[in-house]
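Following this message is one structure expressed as structure tokens.
Note that the chains take the letters A, B, C and D in the order they are written out, and that residue 1 is the start of every chain.
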Amino acid sequence: MSKQFTKLAYSSVDDMIYGSCPNPVTTRNGLVIGGGEIYPEVNFTLPPMHITKDTMPEVLSIYQEMIHGVLKKVHELHAPGLVVEFETLPDMTEHPEWGIQIHKLLRDTMSDYEAKYGLKSAIRMTPNDIREMSRPPIMRSGKYWEAMVKTFEGSAKDGADFLSIESTGGKEINDEAIVNADLRTSVFALGCLAPRDMAWLWTNISDIARANGAISGGDSACGFANTAMVLAEQGFIPKVYAAIMRTITTPRALAAIENGAVGPSKDCAYENIYLKAITGTPISSEGKTAACAHFSPIGNISAAVADLWSNESVQQVKLLSGFAPVVSTEQLIYDCRLMNVATRKGQTKLMRDLLVESDCYLDPQAYVLRPDVAFEIGKEIVKTQDPFIRTLNTAKLTLDIIKKAVDKKELVIEERELNWLDILESQLDEIPEDEEAFIAEMKKEVDSSKYNPSEYGI
Amino acid sequence: MDFEELSLAVQKGKAKQVRELVNQGVEEGISIEKILNEGLIDSMAVVGENFKQNKIYVPEMLVAARAMSAGLSILEPLLTATGVKPIGKIVIGTVRGDLHDIGKNLVAMMMKGMGATVYDLGIDVPDVAFVEKAEEVGADIVCISALLTTTMPAIGDVITEFEKAGVRNKYHIMVGGAPVNQAFADSIGANKYTSNAADAAEVAKAYLESKYSN
Amino acid sequence: MSKQFTKLAYSSVDDMIYGSCPNPVTTRNGLVIGGGEIYPEVNFTLPPMHITKDTMPEVLSIYQEMIHGVLKKVHELHAPGLVVEFETLPDMTEHPEWGIQIHKLLRDTMSDYEAKYGLKSAIRMTPNDIREMSRPPIMRSGKYWEAMVKTFEGSAKDGADFLSIESTGGKEINDEAIVNADLRTSVFALGCLAPRDMAWLWTNISDIARANGAISGGDSACGFANTAMVLAEQGFIPKVYAAIMRTITTPRALAAIENGAVGPSKDCAYENIYLKAITGTPISSEGKTAACAHFSPIGNISAAVADLWSNESVQQVKLLSGFAPVVSTEQLIYDCRLMNVATRKGQTKLMRDLLVESDCYLDPQAYVLRPDVAFEIGKEIVKTQDPFIRTLNTAKLTLDIIKKAVDKKELVIEERELNWLDILESQLDEIPEDEEAFIAEMKKEVDSSKYNPSEYGI
Amino acid sequence: MDFEELSLAVQKGKAKQVRELVNQGVEEGISIEKILNEGLIDSMAVVGENFKQNKIYVPEMLVAARAMSAGLSILEPLLTATGVKPIGKIVIGTVRGDLHDIGKNLVAMMMKGMGATVYDLGIDVPDVAFVEKAEEVGADIVCISALLTTTMPAIGDVITEFEKAGVRNKYHIMVGGAPVNQAFADSIGANKYTSNAADAAEVAKAYLESKYSN
């Protein structure tokens, strides 16, 4: 562990705003993330198609069309900066040469636009985590991990600015926990398994970044908390469970920063607000303008302290105006313009608070993203360095915060949610406060065919 | 045995109590078919209805389904013995290359809840495995799911596999998953597309009822 | 003419804000437009398909799916109100029974949601103007006009709240003028032909509304100024020409209000800001969140004084999250939430000014939408009641405003635009200040096979 | 006659001067083909290039095209007499039910500018009229445009009309318009889709050149 966090990065919650942070990150070409302005982060992906050796020319031509469309729009609308995220699809990670080739196409086109129009942009390279393709997953070796390393190294050599991933350590047992709203198993996945994998993984990614002149970006607990959010949105599981899932991904996320990552953290990681409060690193976020990728109850509040503002992902499909990635780009640019104009007029804090107030009383998942709540949770987390205790205490505190907000009638939740406040509390009460004891219990409870404890060193 | 008591036990997910009540009913000589239909399946239908009306969540439904299964496991050998058929056989799985099972599991669970026998092939299922399992068990319905836009085309490949084996028309093929839509389902010649788990179970039930009423 | 406007509806430009106006409009079910809150206006349309008697069941089922998706999202996100616009496609207007049937399906479903969840919503019925299907167009009689009347009447009887149209009087000669950036012909189309048609048309629509309990809504010069904006966006014609095209559609737009319309005016009518300044009626607008329908240089400023906020139009296509109309709905709701929260915190004026500042210095088409510019233009317009003189003087004033902004270096325009400031000025200088003389000249100049002067009473 | 002077006159759209210079060239005995290619077409190519490089707008290009036409009208009878062929014949129109002609007009204008003979059928063109005109004039290319998603399917109907007449393969069919995309163009069997007017003209030119170089 290269870093330890024992206190928050801010002395006052008023200072935590969008577009700037205590520890901004600067790319090779001088784009500063978290240095005062919020920039769009655009992500785009293929329409439904097979990816094979034979279709690769078509794949490349679609990416070519997408990046040109996006950069042309950014130029036309005079946006001062841009981040593009390239998230590989599983086939591209399995065949690292494909992912690397697409990345190079994007990176080179972006450099062309910078040379021609002075358009400053950076690329985030996000190989998808294919380690879970083995079931149970093999986390620290094997062909899948090797393919991921090749992808990171190859793209970093070609000029990738930020290395990122949505890593999946612990997800193999959390998937079933989610549909059961089983907080006990989720605490095991997020408090015991995930931080161990994250520490190992981000040490490795940060080494690759350092060796190749790239920046070690950040992770996202997408497969945990966002899956919960989407299922809650569909009415499948309680929103209060999803809200707690959000906050308890933070100790996991911290493991990246403790082991070399410096940000910007990933767009879909809404736990980023706690991360920013604790570490002061720049973060990416997404909300209403990512509705093309997923719906959410946090469309505005998610922008409140963001340094990059993203559309998450959109396919190259044609809408009435033009291709969807260009549509996203235009929308993100206008969102950022409004926020940056507020900053130029000295109104960042006011705009932040309006974004927060917009959503925070309407859903527990929005309520826990309030900056003041983030401070409260952050302070609890830095009290200890033990990821398991951090996770357990965060769960308890979050439940407490939600209960109080409901009692104060500040937060309205559905009838069928109320019941779950008690169910979740009793789930938490049964977790021992000693990790070793908890791990011993869970090793008996969890289906051992689903995961390899040894891959987590437990 | 009190049918109302059994229904409440299923709804609340009390597996032990369900087992006891079913055993009691069998001992009392209540017809196996009646315990199955009016006891277990009807109770699970109440659970499904409560879910549809936003009164409960999936976890509550899962607990109920497990309780129902506990009762069913007592009845099953007796059903075979008395020649009562389950409402239908369903093979389900996530296509090759796709590791997502949350949606598929929900569909499988709801289909079990409505009384069907469900054969869950899991995730990352080779195309031909769908055909083999369907042929082996004499399935009525095959459900194929994909969560990624990149794995969605594999649904079409599975259907092609059924065609190659010359058994396409023996099965009602249902497809689903986030990227799937009606146009895609039509383009690959699926029999049915549904956009969510609850609809999938309902549509499957309606199909089986109409199939076996003829 | 039932009304005359001789002064602005506001004494101070500070009072012209979003969400409220001097003359709000209330629907049957009590939804107030312009009464303090800004609401989303959602529009959706079919994917590419033939509309015939045989496909009508499919058409209806797609509309059913769309309206359910939209209303479900509005309910989930607790939006306090909603307007749905149904714009017919040409086939539906030619067969009024189809348009009426679809409208009824939408209206009834909306009423169901109100009964079930208390979700207050209103529907805007917008038959498309098919009079131009005859070439040259027959404006005041014939089968096309009769089909339009049937559509208005039938839907109003079924409970349509607002009647609207994007009318096309004068468009038949303006289309060619646009690609030539021929302001002289545009002044003829917008200053002489269009107001005559609008006065006649809106007298008729207002009569139908009155007779059937509907509200006479408003029009849009979409086929004039938005066509110019889109061509300018593609780099085909000068933006300064498009900016003038915008302001000079106002005298045309006023003819609707003078003859019975009370608002809300149409979403894509960016001339609405001048209309609101002059008449105090509520207006709809669209910007970044309508990027699915068309790109624009006015993504934020267009919201600055809006009473409804629209997505313009989107097809029922599937994105990663779900169907595009639901995506638009979510985005509009969050946009409106942010603006309404600002109002609740007493910050409407500040938010308005941030929206304005966001865009106004980057494009002449944005610059002319500044509230202070709108006031200046509005004051010029109310000096006379003659639509032609209003149009000509608005053109001259707009050119002047743009020139001054460029001189002050407040507004940056492209090199190739500069030249056009002079070209356009000399075009305007050659227009006589007497309408009769001008009409006589134009009758000689304009290809007489393209339009019927008698249909305009000239 | 000074070729540079002629080029500037075309670029600035001075029709009267273009006419004078072309007349002068003919009188001086400069080859008709040279006046056409190195005088008019090359000058218009400069205009097209300036447009592509965002130096001028469409109105400037239209004025130039009109000036070029003025010169062309002098050359045309002489070209026929001397047997020089235009670079190709193009039939263009907006489909049945669609009244939009701005985009289509731009394409027509740019194609004229590159020296092709363009037959513009206008708007709301019956399906069969495309076939009739193409057959009548012996066209090389047929351009079909639609601006509405609801009229877009009519592009496919026009192509079907060519097939029914058994003459589909005689023509290079290009399609375009806001709702059109490559997938749609492929699905109806068009030869080429382009997303904007400038590309359409360029692609048409490339096609004609390759056709007539063989």
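Following the convention adopted for this analysis, contacts are C-beta pairs under 8 Å (C-beta built on N, C-alpha and C of every residue); 3 or more make two chains touch, one makes a residue touch a chain.
Keep in mind that this is a model prediction, so the values were computed, not measured.
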Note: of the two pairs A-D and C-D, more contacts are counted for C-D
Relative to subunit C, the most remote chain by C-alpha centroid is chain B
Centroid spacing, where centroids are CA-atom means, of subunit A and subunit D in whole angstrom: 51
Where subunit A and subunit B are represented by their mean Cα positions, the distance between them in whole Å: 35
Intercentroid distance (Cα basis), subunit D paired with subunit B, Å: 61
Which positions in subunit D are in touch with at least two other chains? 149, 179
Going through subunit C residue by residue, note those that touch at least 2 other chains and give them in order. 315, 320
Please categorise the chain-chain contact pattern as a line, ring, star, complete graph or other. other
Dump the list of chain pairs that touch, please. A-B, A-C, A-D, B-C, C-D
Within the complex, which stretch of subunit A touches subunit C? 73, 76-78, 233, 287-289, 291-295, 297, 299-300, 313-315, 317, 319-322, 324, 326-327, 330-331, 333-335, 337-338, 341-342, 344-345, 347, 350-351, 353-355, 357-359, 362
Where on subunit B does subunit A make contact in their complex? 54-59, 62, 97, 99, 101-102, 105-106, 123-124, 148-153, 179, 184, 196
Looking at the complex, which residues from subunit A come into contact with subunit D? 318, 320
Tell me, which parts of subunit C touch subunit D in their complex? 45-51, 89-91, 132-133, 135, 175-176, 178-182, 227, 231, 234-238, 315, 414, 416, 420
Name, in rising order, each residue of subunit B that touches subunit C in their complex. 149, 178-179, 181
